[in-house]
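Scrolling down, you'll hit the structures one after another.
Next come two complexes, and both contain subunit A; in the first it sits with subunit B, in the second with subunit C.
Right, the complex of A and B next:
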């Protein structure tokens, strides 16, 4: 049963790309690749674009099959469970970073002191509830927020454009290609967000030009993010490694802008919205994965378990974003490279091998049967049956 | 799970958390009761070796009364800035928060003897201070400037910011805030500039109306006066004074104070700064006879050609200057009636010579102290990367790259209406 239309799907894709990369990623790439950081980002985008292309292709080719059923059919149950466990672990790590980014943002930009518990409870309610309501609610919410975030980001970027120095990071490749690869490797963790899309297999309404549109918008948003990172690097230069929250710090670069404060508020709201939406998307995916793994009927319990796990992890890391940064830079990014490579292989495998037509038909029959009680609940079917 | 059960669970959780959190939230004292807001900081060398003295201009938020009455000064010695701020909290009995800190004043002794990049490291890493906090150099004790600025008038605090910002835009054209300081410090040239602001002592003549503007070139006076808000504000105390001089820091330490004249020499390399006045004396041509002239630079077009020839870095500097005549003075004033804005050969030669001398003098100062105010390193490294790297390797200390750089000046002077 389709839950979101193709437009909502594209917005989710674009959102997942935009939200995860404009908060803390520019700093981590710069610390590894210095002046060549922009090329590391471009390299990672190329891989992510390939991943999104393959996942979209899988979604189009399997309009009525869920990811687990697809994997079970192609890789057996054990293979499917292993893939789900890997994806869940990645999502939990990704969510921990998101959660800590959000908390640190509140602590550094808005509040002087902020109890982790006071942060965790409302966050759980807001993110957990939207994730529980399903991808349809999320898709609709993102449709409303998307333009606000996009326009807000553009306005924020214009504020300090006068400080742009195009030759700030020249000459490029002064130390060869290695810094680019290192920057790319150490920031790979931020580019695995599109794996969330795998959980949308079988939930998207397929339209003829879905693939073309998805790729077009993905390329456009990648260019947009690259331009923003380019501006960050050309304004901050060597001090980029000290700038954790790139967009918020950028709006504070000029003292006259600081006096106005309005722009700072705008960027703060945008950053918070982005982080919240990103958190919700990932919580939804964890909920979906755990629902299959633990064989529960709803996603409420999986979401609760995931949240408790993340809260415990964040507490273990003392809610210190710098500790998480080091973990991401030194270990998690390299593990993510392995996960992305594995998922690329699996995606290629799922796309190349065609599903037999009769299997699709059986699946359709199965879905139809599964949907029958839902229609029955509404009462419409019963009335129709009575009339018949 | 049925929808009713889900709703009940959610309701139960909300009520439970309300019961737990609401009483504790009511018991928490207000944020303003336990915090003091720091609006400005001053850092000096401590009374003992290796220590720093941190002074803070503090505002304790309370209802009613005037803003000025709530401002107070606190000073504390400590091994580091962080230590001093912590001890200061014990002294005040409130947490000192830096989110509203507008500027940091650095004392002369501290800047001369210690690497201020390491002293201020706490500010950069701790996220409770804005990265765009202005940095100001004081050639006396920083604490003194901070206390005087708060004693004069509340608006004077803003004026300190306005003066520093004015200097950034019109005096040395570049940022002088926390982040830009580290940006320059971490770059190969390791040179950063900040405004030098001092105090005009009470009792000096004409302190009642001129304030900071009395010493500057007029533009500064306008800006500081705008923030004033009363003609009597400086009649009873000292004034903040900026004379257009700039403190140059090299490798985190104060390298040199550029006087107003020297700073103008440096400005030839900066295309953004216009409006400076060029004074010529003893000019004689067909109309003029031993006249004194003043021209303002209305337009400036610069062209740099960077080359490394025979392992010697060379800059071919070409400048087109548009000038507007501002003043002519000579004994025989009758001949001046027909003197227009056109530039005679004598004037053109005199200005070209001045530009040549200014630029060479600027390079001489930079070679002497080793600093690189205009980041000459970067264009050489970009445009002739291999030759430049070869040149750096040929030096005993690559950081002394300024000492062999040659500049050839070519100027073209024209009349701008």
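Right, the complex of A and C next:
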């Protein structure tokens, strides 16, 4: 059953790309690639673009089939479960970073003291509520917040253009291509957000130009982020590897703003809202994944378990963003490269290999009964059930 | 067959010897005993005596047919005359302003409509005043209300379905819609929901609104309401279903979108550009009305660095010596404001003016001078109070949200406001009214409906009915706005 329209799908794509890359990512890339950081980002975007292209293609080709059903048909139940476990683990790691970023944001930018519990309970309640209400609620909420966030980001971006120093990072490729690849590798963790889109398979209303529009918006947002990072790097130069909260810190460069502190607040609020949105998207995916894995009727319990896990992880890391920063740069990014590579292969496989037509009916029914309701929300039979 | 006396006794028993049950016994020209029974005060006495009792006294049986049938067919010149099939219908007719005629020798009765209810003349409703535009408003009489709608929608497609709700009140309810425009599923759903109501009485249409609302605890209204026939007609034209209740000047409309309260009938009687500016102004005012006290408290309590230095100095000077924390101070003023509002609504009108003067001057000024509250806090509540009434239909919701956001801002600062806003958006996008998404055409975004959304385009450009509301005929006019 389709739950979101193609516009909402594109907005989710845009949010997943935009929200996760403007906080700590620029700093991590710069710490590895220095002046060539921008090329690392471009390289990662090319991979992400390919991933989004493939996932959108899968969504278009399977308008009435859920991801699990699709994986089960082509990779067997074991394969599907393994893919789900991998995705869930990545999402949990990603969500932990999101929470760390959010909490650190509040602590460093907005509050002198901020209790982790005071942060955790409302955050859990709100993000969990929107995610629990389903993808339709998520899509519509993001539709409302989209313009506010886009306009806010653009204002933050253009406010400091006059402080650009284009020669800050010249010459490019002074140490060859290796720093670019290293920067790319160390920041890969931020470019796996698009994997969330896999959970939208079978839930998007397919329009004829969906693929074209998705790719177009993906390219536009990539260019937008690259421009922001470019301005960011050219304003801060070498000192920027110490600037953790990209946009918010960036606005402080303006002496006028520094005096009044207002734009910092605006950008902080926008960044926080973006992080919240990103968090909700990821929580939704974790809920969906765990719902299938643990065979629960609703996503309430999976979301609750995921939260407990994430808060435990965050507490273990002492809510310290720097520890998480190092974890991401030194370990998680390289693991993510493996996950993205694996998912690319699976996506290509799902896209290229057609479903065998003579699927054993009994096996199909058996696996379907075990894993997913035959009837959609409307009470009508799924298309695939009809075919079967 | 009962005698006239037995009939009178029977009805006195049925009506529990109520004092306003009137009877008039007389003999017809041929000497047959007859009686007319009615409820006093709801009948036009002159009409009854001149056009019912007078002619009946001159009646004489013509042939072998039943006397009641003869009277009905040849003697009475009323448009609404009928022979009720059972006693239940007969009693209901008497209660609805009919008089019942009984002639000895006949086991039938005749009911004739002579009702004369106290009806006020249609006047401009106090809640929806317009600068330019129709000034008629609905009244408590639903027949007048139906006529006001009919006056604007002169089409045979306008369907008015009857219904009665309330075991004791037997309130007349009318469901009005355009046959080829309104979605039959919505009409069916409305009827079904109304039929399911099993209550002793419906006094006003707001009673019905609560029965039609989905969920028990929503603070947002899900049913549209209007006091103006032009608004009701426009909504019916867009494919909505209107519900009239006898005795209520408020007409309900479904489905309802939040956008409807952002629109005002004034918008359609002025230029599109002016209407657009007004809509943005209303939206901004509503947002400020909800968030400003919370933001003020959040900034003062948690983020004092965010306040521009000059403003901070001014505020600091004002709040010096105030014994309450910013949150308590704000809650105190909000409470005071709401109390004043409530009191001014309920007080006799001649006292209302003096109350507002007392409220503004004595309470506000003295509280500031006494050092209980600060001038910025009073100013903020005054501003937000005024702003919340730019959307009068949503003022109650805005007041409640203002209170909630003030508490959130006070306890959690900006974080609380962000969390509250996201939750509010998440909550609103999940709501729907009879299948129409509550936040449409913004979420889900419906491009065609934006012509009458945040901005208003000219009528020429509004070629289609709103797609946010399910309807069976999207087209309103040909593309150029001329006759097809």
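Basically, the second predicted complex is superposed on the first by the 355 of 388 C-alpha atoms of A that agree within 3 Å, B and C clash if a C-alpha of one lies under 4 Å from a C-alpha of the other, contacts with A are read in each partner's own complex, and residues count from 1 in each chain.
Note that in this section a residue touches a chain if its C-beta (ideal position, glycine included) is under 8 Å from a C-beta of that chain, and two chains touch if they have at least 3 such contacts.
Computed from a prediction, not measured in an experiment: that's the story for all the values here.
Touch criterion not met for A:77: it reaches neither subunit B nor subunit C.
Residue contacts after overlaying the shared chain place A:158 against neither subunit B nor subunit C. By the touch criterion defined above, A:300 lies against subunit B but remains apart from subunit C after alignment on the C-alpha atoms of chain A. By the touch criterion defined above, A:118 lies against subunit B and subunit C together after alignment on the C-alpha atoms of chain A.
After overlaying the two complexes on the shared chain, residue contacts for A:108 are found with subunit B alone; subunit C is out of touch.
In the superposed model, A:7 lies in contact with subunit C only, and not with subunit B.
By the document's definition of touching, of the two partners only subunit B reaches A:167; subunit C does not.
In the superposition on chain A, contact is made by A:242 with subunit B only, not with subunit C. The larger set of touched subunit A residues comes from C, when the choice is between subunit B and subunit C. On subunit A, the surface touched by subunit B in one complex and the surface touched by subunit C in the other have residues 118, 125, 129 in common. Residues of subunit B touching subunit A in their complex: 1, 6, 9-10, 13-14, 17, 21, 31, 35, 95, 97, 99, 102, 124-125, 127-128, 130-132, 134, 161, 165, 175, 177, 179-180, 182-183, 186-187, 378-379, 381-382, 385. In the complex of the two chains, the subunit A residues touching subunit B come out as 108, 112, 118, 121, 125, 129, 163, 167, 170-171, 174, 236-239, 242-244, 249, 252-256, 258, 297-298, 300.
Within the complex formed with subunit C, the subunit A residues making contact are 5, 7-8, 106, 110-111, 114, 118-119, 122-123, 125-127, 129-130, 133, 137, 139-141, 143-145, 259-262, 265, 268-269, 272-273, 276, 280. Across the complex, subunit C meets subunit A through its residues 302-303, 305-306, 308-309, 412-416, 418-419, 422-423, 425-427, 429-430, 437, 439, 442-445.
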